[in-house]
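One chain, subunit A, links the two complexes that follow: it is found with subunit B in the first and with subunit C in the second.
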Partner chain A sequence: MTETVEPTAPQTTRQRRAARIAEAASVPIGWILLKILLLAVVDAVAVYAVFVLFTHAEWLILAVVVAVTVLVNYIYFSRKRVPAKYLTPGIIFLVVFQVFTLLYTGYIGFTNYGTGHNGSKEQAVSSLLASAQERVEDSPTFPVTVVEQFGTYGLLVTDPDSGDALLGTADQPLQQVQAEFDGGKAVAVDGWTTLPLATVFTLSEELENLSVPFSDDPNDGSLRAPDGQSGYLYVSTLEYDADADAITDTQTGTVYADIGTGAFTADDGTELLPGWQVTVGFDNFVRAVTDSSIRGPLISVTIWTFVFAIISVASTFFLGLLLALVFNNTRMRFRNGYRIIMILPYAFPAFLSALVWAGMMNESFGFINQVIFGGADIPWLTDPTLAKVSILIVNLWLGFPYMFLVCMGALQGIPEDVNEAAVMDGANPWQIFRRIKLPLLLVTVAPLLISSFAFNFNNFNLIYMLTGGGPRFSDVSIPVGHTDILISMVYKVAFTGQTRDYGLASAFTILIFLVVATISIVSFRKTKALEELN
Partner chain B sequence: MKVNKRGIAAAGAIAIVSTLSLAGCSTGTSGNDSADSGDAGTSKLVVWVDAERVDALKDAAASYEDKTGVTVQLVGKSVDDMKDDFIQQVPTGKGPDVVMGAHDWLGELSTNGVVAPLELGDSADDYLPVALQAATYDGTVYMLPYAVENIAVLRNADLVPTAPTSFDDMISKGTFVVEQGAEGNPYHLYPFQTAFGAPVFGTDDSGSYDSTDLQLGSEGGFAFADWLAAQGTAGTLNTDIDGEIAKQQFLDGKAAFWLTGPWNVGAATDAGINVEIDPVPSPTGETASPFAGVKGFFVSAESKNKVAANDFLVNYLGTEEVQLALFKAGNVLPALTAAADTAASDKIVAGFQAVGADAVPMPAIPAMGAVWQYWGVAEAAIINGADPKTTWQKLVDDVAAAIK
Partner chain C sequence: MGTTDTRVRRRSAGAWFADTGWRHVVAIVVSIFALFPLLYVVSASLNPKGTLTGSNQLFSAIGIDSYVRILTDPQNPYVSWFGNTLLIASVTGAVTVFIGACAAYAFSRMRFAGRRVGLVTIVVVQMFPQLLAVVAIFLLMSTLGDWFPAIGLNTHTGLILVYLGGALGVNTYLMYGFFNTIPKELDEAARIDGAGHARIFFTIILRLVAPILAVVGLLSFIGTVNEYVIASVILIEPEQQTLVVGLTKLVANPRYADWSAFSAGAVMAAIPVMILFLFLQRYIVGGLTAGATKG
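Let's look at the complex of A and B:
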């Protein structure tokens, strides 16, 4: 078979075609059937997806699914494109799970998405108009029956005072009619179909738009029946003018216009909320670095983030390495038992451990002060410096088992004869470690140290569960504290209180991503130099 | 070459998974669409409920279905994500028709335009005044209230047989615990603050909270700050005591008084403690008013079944029978006056109801978010020995600046 694929002399077109046919014929039929079967399943799923997407009018996703399916079929039915056959699944996963998320976060960073700017403009308008409906004071409750005539819906109303029947539609104010009554409530009228309640329940949109003027005078208000059974008189305090794209407050005469900021705004700057989502360009990024309430603590938080990440990586690595060296010594008994105990902290969920530590470090009731220090009042979590130390201690406890495992694996990968050769040459244990084992170890471990740095840089769980960022800075006006790292500060700036600011949070996320990415790239470059040592 | 073919088959298998996942993502999200909001023409209400109350509502949902033919699908959700999920999903046309929640969400929900106004009609008068006030935002009712919660003092009647007459009287009779924590807990300290005549916000003509009228900085506020400092020095208030520690102290019988809410009564009675419910003893002689938290149901602004949702809430969940059923499940005072009076045959509920008569609804205005942000930390600092005057002044300044 290989002879046909790797010919010794250039072939003519005919020869090549013949070779291809011969090759195809030589493939066991089972594999071809399996391939067709698998692709059939893929296509069946795709057809189902297209059908579902079509009924929901999700055109963009539909187009993507069709394009991907066609591409997959083309690639796998084609005789060539061998590299693509291996790469396609991976690329699809990459796009779905990585690229899309990244681009979407990036996009949000350029919008004003957050509290008050949550949906579309139509939704904002309808929500504003709906909440501007005020029930006319002291107006009675009108028993209502929903009726229909040639697709027009009307309300058959019983006047609670006179007992008369009134009928009106969205265009036709209420007029007295002759109707059939049932227990004092008008239930049917000639020429109109009385709708049963079950049908009325399905007419949500129609009923929402059905506002029947009480009389020719709009100040009398109009009748609405929110539950399809009881009507109330409402007057509206806001009016939307679609042509001018502005909302007018009918009581004060103030005009709120769309000035492109994502909310109807009056001349004096007051906004009507809810507004809607708009893209705001680099506003969020500018705010992230220039807003005076954020800029102040930003510097000290950034410094502490680096200190925290660097010390965390260094301390866990050296403790892990030390223990790995100790427990790698074959002269030690019960080594496996010790090793299991060593990796226990790694087996507990980190946020749970952090909570338990927070309890143990409580100043007056915690285990550490009460039992270990005999009732001392050591403010583990409430003193700025001690809180930072506490965080580093707890993170050391949480993080060393990982480094211990990694280092042990790397140490066992170093051949024993290297050690023996060094001993023969007269090197002492420290020299063996410093000059031989550590450099060999670092080649394996350095990339993990970099990823560990990136992890600790964004170690939100630990900070949030142990100190919540506290103790607070006493001189700044945002709720940020001495132990907050960048990511927990972002969380507080964007998500505490009753306002959410997803746009600002996304902008911050992008900035943090840039910092971590830069550091990682530079470090990986340096790591390459290590590898050249060998 | 054989290897190649096998590789292709393997790659084909992976392709299936990825197409499945891609299609799965798309069908998943759009599939929800039909499940959550219901197609026009069918009447199905999707109701998000606190996962612990699903059972309480099951019978009510079933009997409503029997009566009207409208299917009610109860979806149990964690309380922690319910509000944020609701705010995010409604604008996309997804999310439920009705959501169960607390009245202090109202400012946020309304600012985001995700709740529809609710017309209680004449039944509005049937609710406890505090519940109705809490359900109203900016003059419009948005919520059907079903339960009113407020804190009171739980007294271990075996240790202290009679109710104390004042705060000092209480301290002299036994140990008092209240949940604080490193960042303070203004919710639990609010009754004392009101006793000094310093509410957070003043109210406007319609009885709604007015964010421009910040009352924290009144004379009473500073008097309260001094009192906090004194209690901190005396050790009566301690920021090391968090919810769990306070609970443990009371359950162990070390503390005779525990300022907490109805949600903790079960634990105390289960521990065999003879619990009595007392009003919050005032440090000044003025009434100590705790915050009332009102729970209820909201209708989504994008619901396709608003008529049925309105009917379900106002004409069904607002009945005494259903309110009592919800009461039995949660043991929290019903919001409907008639149901509340029936429920008050239980002495614990009656105790909370008596205290609740003095309660004020927790402000739902968005400005309150700015207050919470600084309030507790300032109080904790004062308890821990910071100068009461300057710390309280900073609190007032920070809040005023944040609201602007």
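Let's look at the complex of A and C:
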């Protein structure tokens, strides 16, 4: 590619002014109106966002939104920042959904975020106290009316001692309100719909779970009315002491203290869950390399990921190259027909291919065992070794057409006179291929091989849809299997199984990130691709 | 195979085999490998029986029952999945092309501070696929959803926004290479005639680079159709999901799955994509190798 920019002499002030006027004069009025309209939409959305963020008291995000909006307005109204006008939209998306998420992943990797640890400490305390509640014996019965507002159910309670009306929901503790009374029982309140009894009877499931806090202090317990008519006071068997920052079990007397691990822990090490989210430093990484029930699978998954990616690239490339050489003969008939047939697997959506192959390779009912092998029970996808072989076969099917197309293109790009010159010099076809065509071809194809490696390194769909990563390893604490690659392992640790461990999954992500970064930097150095950017 | 014309016949069979005959042998073997899963899925889709075992006798029974089943099953809203996929992939493809083309224009035609760093950053960042950060994306979207339900979890808009995070990346690099092959003299001539940068971009450059726009659009479309991880995490309700999430769930347990209904769904999903692909394949190959070859 030739460099078409010549260094131009710096413009004089007059020239610059002239250029600006020409630029301004060349823009039709319609474009300016369109631009103003688009910016108005952006600003309107930003104002709405600021309003919402203000009500949620998210000051940092609010500041960022304001700053970005001001910047965007400046860029598009300024006459100067021309490159920025073209780059800003892409960069905003890139920063929010690529760079930020990458950094956020890094942060999560240093926390205990996951099942049992996904909220703040306050949330953990109130949810612990709420979950351990028992009805207070001999406590008075509170007459209750079920009310509703915008889909939220509330309890309108009459205090049996004072006769006052109290209103509360699951999120809002009981507060005194002005209500209409009927026979000493509060029955209606402004702004809320009183539900008729017939409706209340259909809501038993919601009412079972509706627990209205008595006051802001979770130790005061809560009021529940499972039948929608009479409420009873429930108090937790756990008691939170804010000063000592500990929870005491009033029945057994055990004290659970905050020892900095993100959960209240007793002296003997038992934890009360849910806990809350804390930064745990390098704990996740230490666990990944020292806990043998995690380290074992991590090592074998890493090795398999490399084996899979390397063999995938090599096998598809060699089959593709072979076919390209086979078809590189103009005397061959029906070439275009064959060519179309061979592109078909590439055109078929990849996720469907993996699912179809999974059906064909099913051990008991699949086409391959039932028809081709006459009813054999070959465990294509359930034997650790055979499952890996199956994955490589399916990936060959998926990947060879791409390599075939690329090699065809590259071979046709080699000038015929190179070939003729070699023949004149007495080289045989093998020598011509080995010494001349292959090196020329590799120059073209090498970057594609690298990106193909990167693609297969993270070829989640194939693994997940063909074997699901199975067969499972036995005796490991994370839900991974023999054919899982790193990326599918991350997905499983984070999103499947009984416990979701976002912290550990993110720590794995960081490890993958380091591996991929090293590989890409080294390979780019080798191919000098970055140097060629002009 | 059409190898029996007179010119070939005159030569000995051995010579013919050494020259082109063996090529046909290789081609036929590979063609069988390439075709047979596709024939299998078409056959299974035409089979009225639902099970995996029932689909094993190729083309033994022909009927469109399974097509009717997948289109009308209230448990699996295939039509919604199809519509969702088309919508999400089209919008993502179109906006990706536009954003990428804008960036490629800036990188190709303008000289500014940070240009080289910007190009290198794009190449390096696209090395790390978004699905690696899926945990963070999920948490980000769930927080965003608390503030702005319209772009949070379980919304198509939210998913499209996440996909657009990858709009600058390999696509821009591909387009950048192509933009550089358009002679600069064209811009300069237009500039002398009084055209501003916006008019040059929209009326001259975009028309000349149309082939690469088509390629990037199609690759982005197909990539979005195939994307499972982020879609499965963000789209929660069956009505909101895409084909890849829905169909994967449909055959999660092959033993009990309605295999021919799945196959019918697969055939209907694949045919439009395959036609589009075969139609544009020459451009695609050109585009793929153009990004790689320098010159």
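In this section, the second predicted complex is superposed on the first by the 313 of 534 C-alpha atoms of A that agree within 3 Å, B and C clash if a C-alpha of one lies under 4 Å from a C-alpha of the other, contacts with A are read in each partner's own complex, and residues count from 1 in each chain.
We adopt the following convention: contacts are C-beta pairs under 8 Å (C-beta built on N, C-alpha and C of every residue); 3 or more make two chains touch, one makes a residue touch a chain.
Nothing here was measured: the structure is a model prediction, and the numbers come from that model.
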{"item": "Which superposed partner A:E416 touches (first subunit B, second subunit C, both, neither)", "value": "neither"}
{"item": "Which superposed partner A:E208 touches (first subunit B, second subunit C, both, neither)", "value": "first"}
{"item": "First, second, both or neither for A:E58, with subunit B first and subunit C second", "value": "both"}
{"item": "Which of subunit B and subunit C A:A505 touches, first, second, both or neither", "value": "second"}
{"item": "Partner chain(s) touched by A:D425 [first = subunit B, second = subunit C, both, neither]", "value": "neither"}
{"item": "Which of subunit B and subunit C A:T69 touches, first, second, both or neither", "value": "first"}
{"item": "Touched partner set for A:V82, first subunit B, second subunit C, both or neither", "value": "both"}
{"item": "Partner chain(s) touched by A:D190 [first = subunit B, second = subunit C, both, neither]", "value": "neither"}
{"item": "First, second, both or neither for A:W31, with subunit B first and subunit C second", "value": "both"}
{"item": "On subunit A, the residue positions that both subunit B and subunit C contact, one per complex", "value": "1, 5, 23, 27, 31, 49, 52-53, 56, 58, 82, 85-86, 89-90, 93, 96, 359, 362, 364-365"}
{"item": "Footprint of subunit A on subunit B - complex, ascending", "value": "1, 4-9, 11-23, 25-27, 30-31, 33-34, 40-43, 68-70, 84, 87-88, 90-92, 107-108, 110-114, 116-119, 121-122, 138-140, 182-183, 238-242, 244-245, 301-308, 310-311, 314-315, 366, 368-370, 372-374, 377, 381, 384, 394, 398, 401-402"}
{"item": "Residues of subunit A touching subunit B in the complex", "value": "1-2, 5, 23, 27-28, 31, 34-35, 38-39, 41-42, 45-46, 48-49, 52-53, 56, 58, 61-62, 64-65, 68-69, 72, 76, 82, 85-86, 88-90, 92-93, 96, 115-116, 118-120, 123-124, 126-128, 130-131, 133-135, 141, 197-198, 200-205, 207-208, 226-230, 232, 273-274, 359, 362-365, 381-382, 467-468, 470-472, 474, 477, 479, 496-500"}
{"item": "Residues of subunit C touching subunit A in the complex", "value": "1-3, 19-20, 23-24, 26-27, 30-31, 33-35, 37-38, 40-41, 44, 51-53, 55-57, 99-100, 102-103, 105-106, 110-112, 115-116, 118-120, 122-125, 127-140, 146-148, 161-162, 164-170, 172, 177, 180-181, 183-184, 194-199, 201, 222, 225-226, 228-229, 233, 244, 247-248, 251, 254-255, 259, 262-263, 266, 269-270, 273-274, 277-278, 281, 284-286, 288-289, 291-295"}
{"item": "Footprint of subunit C on subunit A - complex, ascending", "value": "1, 4-5, 22-27, 31, 49, 52-53, 56, 58, 82-83, 85-87, 89-91, 93-94, 96-102, 104-105, 108, 113, 319, 322-323, 326-327, 329, 331-334, 338, 340-353, 355-360, 362, 364-367, 370-371, 397, 400-401, 405-406, 408-410, 413, 444-445, 447-448, 451, 454, 458, 460-461, 464-465, 487, 490-491, 494-495, 502, 505-506, 509, 512-513, 516-517, 520, 524, 529-530, 532-533"}
